[in-house]
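One chain, subunit A, appears in both complexes that follow, with subunit B as partner in the first and subunit C in the second.
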Partner chain A sequence: MLLVVEQFLNGLQLGLLLFLLAAGLTLVFGIMDLVNLAHGSLYMMGAYFAATFVAWTGSFLGGIALALGATLLLGIVLEFVALRHLYGRDHLDHVLATFGLILFFNDAVRLIWGPAGLALPLPPWLTVPIQIVPGVFYPAYRLAIIVVALAVALMLYLVVMRTRLGMLIRAGASNREMIGALGINIKLLYTLVFGLGAALAGLAGLMQAPILTVQIGMGENILILAFVIIVIGGIGSIRGAFVASILVGMIDTLGRAFLPDLLRKILSSAAASTAAPALSSMLIYLLMAIVLVVRPEGLFPANRR
Partner chain B sequence: MTASLNARNVAAALIVAGLLLLPLYAQLSGNMFVLTLFTRIVIFALAAVSLNLIMGYGGMMSFGHAAYLGIGGYAVGILAAEGIGSGFVQWPVALVTSALFALVIGALSLRTRGVYFIMITLAFAQMAYYVAAGLARYGGDDGLTIYKRSDFAGLINLSGRVQFYYLCTGCLFGGIYLVWRIVNSRFGLVVQGLRSNEQRMQAIGFPATRYRLVCFVIAGTMCGLAGALLANNTDFVSPAVMYWTRSGDLMVMVILGGMGSLFGPVVGAIVYLLLEELLSQVTEYWALIMGPLLLLIVLFGRGGIMGLLGRLHRG
Partner chain C sequence: MKSAFWLAGAAVLALANPAVAADSIKIGFVSTFSGPTAVIGNDMRNSFELALDHLGRKMGGLPVEVIYEDDQQKPDVGKQKVEKLVQSDKVDFIAGFIWSNVLLASLKTAVDSKTFLISANAGPSQLAGDLCSPYVFSTSWQNDQTPAAMGLYMNQKGVKSVFLIGPNYAAGKDMLAGVKSTFKGEVVGEEYTVWPSQLDFSAELSKAKASKAESIFVFYPGAAGVQFLNQYAQAGIKQQIPLYTAFTIDELSLPLQKDNAIGVPGAQEWVNDLPNEENKRYVADYRKKYTGLRPTYYGAQAYDAAQLINSAVVAVKGDTSKKDEMKAEMEKANFKSLRGPFKYGNNHLPIQNFYLQDVVKDADGALALKTVATIVKDDQDRFHDKCPMK
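Right after this comes the complex of A and B.
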């Protein structure tokens, strides 16, 4: 029971983290129609910025605030210098160009921070275990991730559904020529949305940093997960991204935790211990394949025209 | 078909001649490294040629093409580890397994279009990657060393550098010839027609998915052959050959050289891998230059290198 609660929370935490990444990706995809493979690089940069600024300022929260700002700025610069020229081009061009950006960012990080990974130590007040249900303790930091990610998700929802900016964003997603014709500065809107997506990716990266090591290529595996999510959820749909994130986070975590025991019941113990890791890594890809075969546009297709 | 003397055909002729004469140059100059490097390039060129068949001519943007490299490689590696060293068994198994894999994932993936197709092929390749990483008996994550190259009963010796190089080059030219025949056949014209206007083709009465699927399987099988060659070349196969960045590399080669041109992917493979080699000799941080270079190529070089040569001719 204890393990179930803990793994459930872990799944929720991973899912919410993935949502932060996927939300930016799906916004950029839905509004600018841009396939951005370099989104994972922004996640990585968020983590590197945080590790650097926290060590530099000596304050955890201060460092994180600086890192968020830096990722936002980096996103805006990236959009301005490179990605802006890719709008309206073929998806394949996006894949190639942003693949080039991944190469660039990985080596840039290796040049600046060196090939060894960094650690982002937690302040003492975040390392204490907290009793959530009588007898069940859960690390405060992981709980903090859940709370922050939920708050950000709620804020994102309010911004997109209740503000004028959000209205423009939704309008841009459903018909970008029309909002241009109505006199909205699309270029500025695109830059803002891209910066927002970058900051969300950076936030995900820096929150994940204390749990895993900060290292080169850390954004690549999780980027693929984020793509799986937006494809399952339906490209351009934030609601779909949220549902799919939680689904993927849960399936991945619970699969890794409980699949070995389940398999041991049907297979021999040796066969189960070899099959389980591969199978649990495959689960989400299997889910995506099934979703795409049954609903080729994803679970919540964004309304297009 | 009358071949006219334009920049693209000259480039193609130069490539064929250059690849055929390369071992001579290596022998004369004593620079055997060139031969090793180009064996690798030729194998990747074959993989890129097969990807170009579905991507350039068929409009199917597969982001999981490296899976076949791994499947072909693992077919050779696993059979070798189990004591079956004959290439007459290993290679057909490699081809048939790749074809079957392509048939299954093609049948499922071809239900989707556009970005969804890119992503679902990627997902299947990642699944193959994790299966390979889970093969604890065959090295798992660390990969599998192949102690003896495929044995062709004295017909050809794969351990001979020059012989192996010519085998790979022969396979490449065979692949290009096959693609050329396909593209100019009725079947190939239907597949290209589906790329430009699916609705119209279906209205004429062509079953779109069936044609695409056959094309997809042919490309997968060809890439499986490249995988078998690659495993023999490196004497090693690991899950890393199927990782998504490897599929990305293949896509880059095709686009760099020129999608939908016969020799484009060969040019792309040569340029990409040579550039990687040269830049990594100049600086450890070669990707720092390569990355922005790719971006510039996308922004300013439409149609890849072959497209550039084509425009050159027209003035």
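Right after this comes the complex of A and C.
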């Protein structure tokens, strides 16, 4: 029973982390109609900035704050220099150009930081396990991820639902031409949205960095998951991204945790331990396929015309 | 018609071969040179180049040409690269191979063309058993051997139960089977993770903790080893359940694992401080030529591969068409291996010692690996009976 609680937390933590990545992706895709494959590169840059700044400043929180700012800035510059010229063009152009950006960022990182990768060590107060209920100890850092990601989700909700900027974002997701026609500075809005998306991706990357290593191409695997999430959740919908992220995180973790034992009941032990990882990594794609059949618009489609 | 075509092809090859053999020795080197595990491929290439430097960049009086190919850690790509090396470059030897699944995919192409293949790392059980070939040699080990040595060490320490975690591919399965082959205590759990994409081991660590096992054994080569140790330390299990490893802590991962690696034992057939003269020269020259880098066992094995190839070429005085003589020479292991005692079994896999290594701070204050003890002497893999070669 205690194990179930712990695996549940593991799933929640993965889901929330994926949400940070997917939220930025879905905003950019939904509002700007831009397919941004380089979103994973921003995730990677967030991690590299954090590892560098934490080493420079010697302070974990200070380094992370600097890294967030740097990723936000990088996002804005990237939008200004490269992506601005892609609006209104075919999706294939977006895919080609942003795939090029992935290669650019990977090689830029190789040139600046070298091929070996970096480590982002945690301060001691984050490395201790915390007792959450009697008998269940959970890594403090993973708890911190859950708390930060929930706070960011709440903040996003408030910004999108309660502020003027949020109203524009929602209007942009519903009808792009109309808000332009109403005299809104759509260029500025796009730059802001892209910067916000970049900062969210950077936050996901730098929070993942102490758990994983900081390395070239780290954003590519996880980007696929983020795309699956926005397809499941409904493109352009932050609420959809939230629900789908938690779903995917839970299914992935609980599948890995409990599928081998379930399979062992029907298969031989050796066959089960081989089949289970393969099967559990398929589960989320199965979910996506089912959602696409039953609700092709996703679970919570943004209203668009 | 078809057979006439093949005959013609064979005739062309027969005519072409002496011409190739006359001017240079061609070696194809397949390893991973892109992506996160490129650091391993680079270390192997560095060591292979250093071996060529030590040989005066000549073998049997002929200049050596090495063609490096990137397998991208993908079996299908590795196979294509081997096909290219065999068919269009017509190399005399193919060496390298970090990954067991890449080697298994490429094996048939090399063997069918009777091109010598030297595995400088991968050691799948199939290669030692029924897929063994006169044209295939290894300068590493069979996958099971290193973890089997770790299993012996755990017996010595009196460990009663273990929880096994490893990646779900050819080598991962061999490694966990290797521990089980020698470990006398109880195996309370066995988990395989998706390879190479899964980097978060929280679900597996939670299960290991809940299993109340006395110890955990893992096999995570490359960056995955860094991630596993990070997460193992963060989960606070380090104080409760000691970790035993194979191929998880090396000179490439250590700078990233840092203090997380201290006190985590590993088994290895080569450690940088082995006291023979060749090894001292190798480690010193490597650190001189590639400033800031330290050689790993991957590199040491690649260095040995170059020496093995050289021994064969010297024996036939550069005439690489004499395959039988080269095979007979290589079976003698007539070169000075960096790991000291080294001879070949019937299946062309080494019979060798395995050492216990530990992480210590060296004279410069940097973390380094150190030999603590010899766990097992003259160890032969447990699949050699299945190999039809006698």
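As a working rule, the second predicted complex is superposed on the first by the 305 of 305 C-alpha atoms of A that agree within 3 Å, B and C clash if a C-alpha of one lies under 4 Å from a C-alpha of the other, contacts with A are read in each partner's own complex, and residues count from 1 in each chain.
Please note the rule applied: contacts are C-beta pairs under 8 Å (C-beta built on N, C-alpha and C of every residue); 3 or more make two chains touch, one makes a residue touch a chain.
Just so we're clear, the structure is a prediction, and the values are computed from it rather than from any experiment.
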When subunit B and subunit C are modelled together on subunit A, clash or fit: clash
First (subunit B), second (subunit C), both or neither touched by A:G183: neither
Touching partner for A:A278 - first (subunit B), second (subunit C), both, neither: both
Touching partner for A:P121 - first (subunit B), second (subunit C), both, neither: second
Partner chain in contact with A:I211 - subunit B first, subunit C second, else both or neither: second
Partner chain(s) touched by A:I102 [first = subunit B, second = subunit C, both, neither]: first
Touched partner set for A:A257, first subunit B, second subunit C, both or neither: second
Which superposed partner A:A289 touches (first subunit B, second subunit C, both, neither): first
Subunit A positions touched by subunit B in one structure and by subunit C in the second: 274, 277-278, 281
Residues of subunit A defined as touching subunit C within the complex: 2-3, 6-7, 10, 13-14, 115-119, 121-122, 127-129, 137, 139-142, 210-213, 215-218, 221, 253-254, 256-257, 260, 269, 273-274, 276-278, 280-281
Residue ranges of subunit C in contact with subunit A within the complex: 35-36, 38-39, 42, 168, 173, 190-194, 197-200, 202-204, 206-207, 209-210, 223, 226-227, 230-231, 233-236, 252, 255-258
In the complex, subunit A residues that touch subunit B: 29, 35, 37, 82, 85-86, 89, 91-93, 95-97, 99-108, 110-111, 220, 224, 227-228, 231, 235, 274-275, 277-279, 281-282, 285-286, 288-289, 292-293, 296-298
Subunit B to subunit A touching residues, read off their complex: 55, 61, 63, 108-109, 111-116, 118-120, 122-124, 126-127, 130-131, 133-137, 244-245, 248, 251-252, 255-256, 259, 285-288, 290-295, 297-299
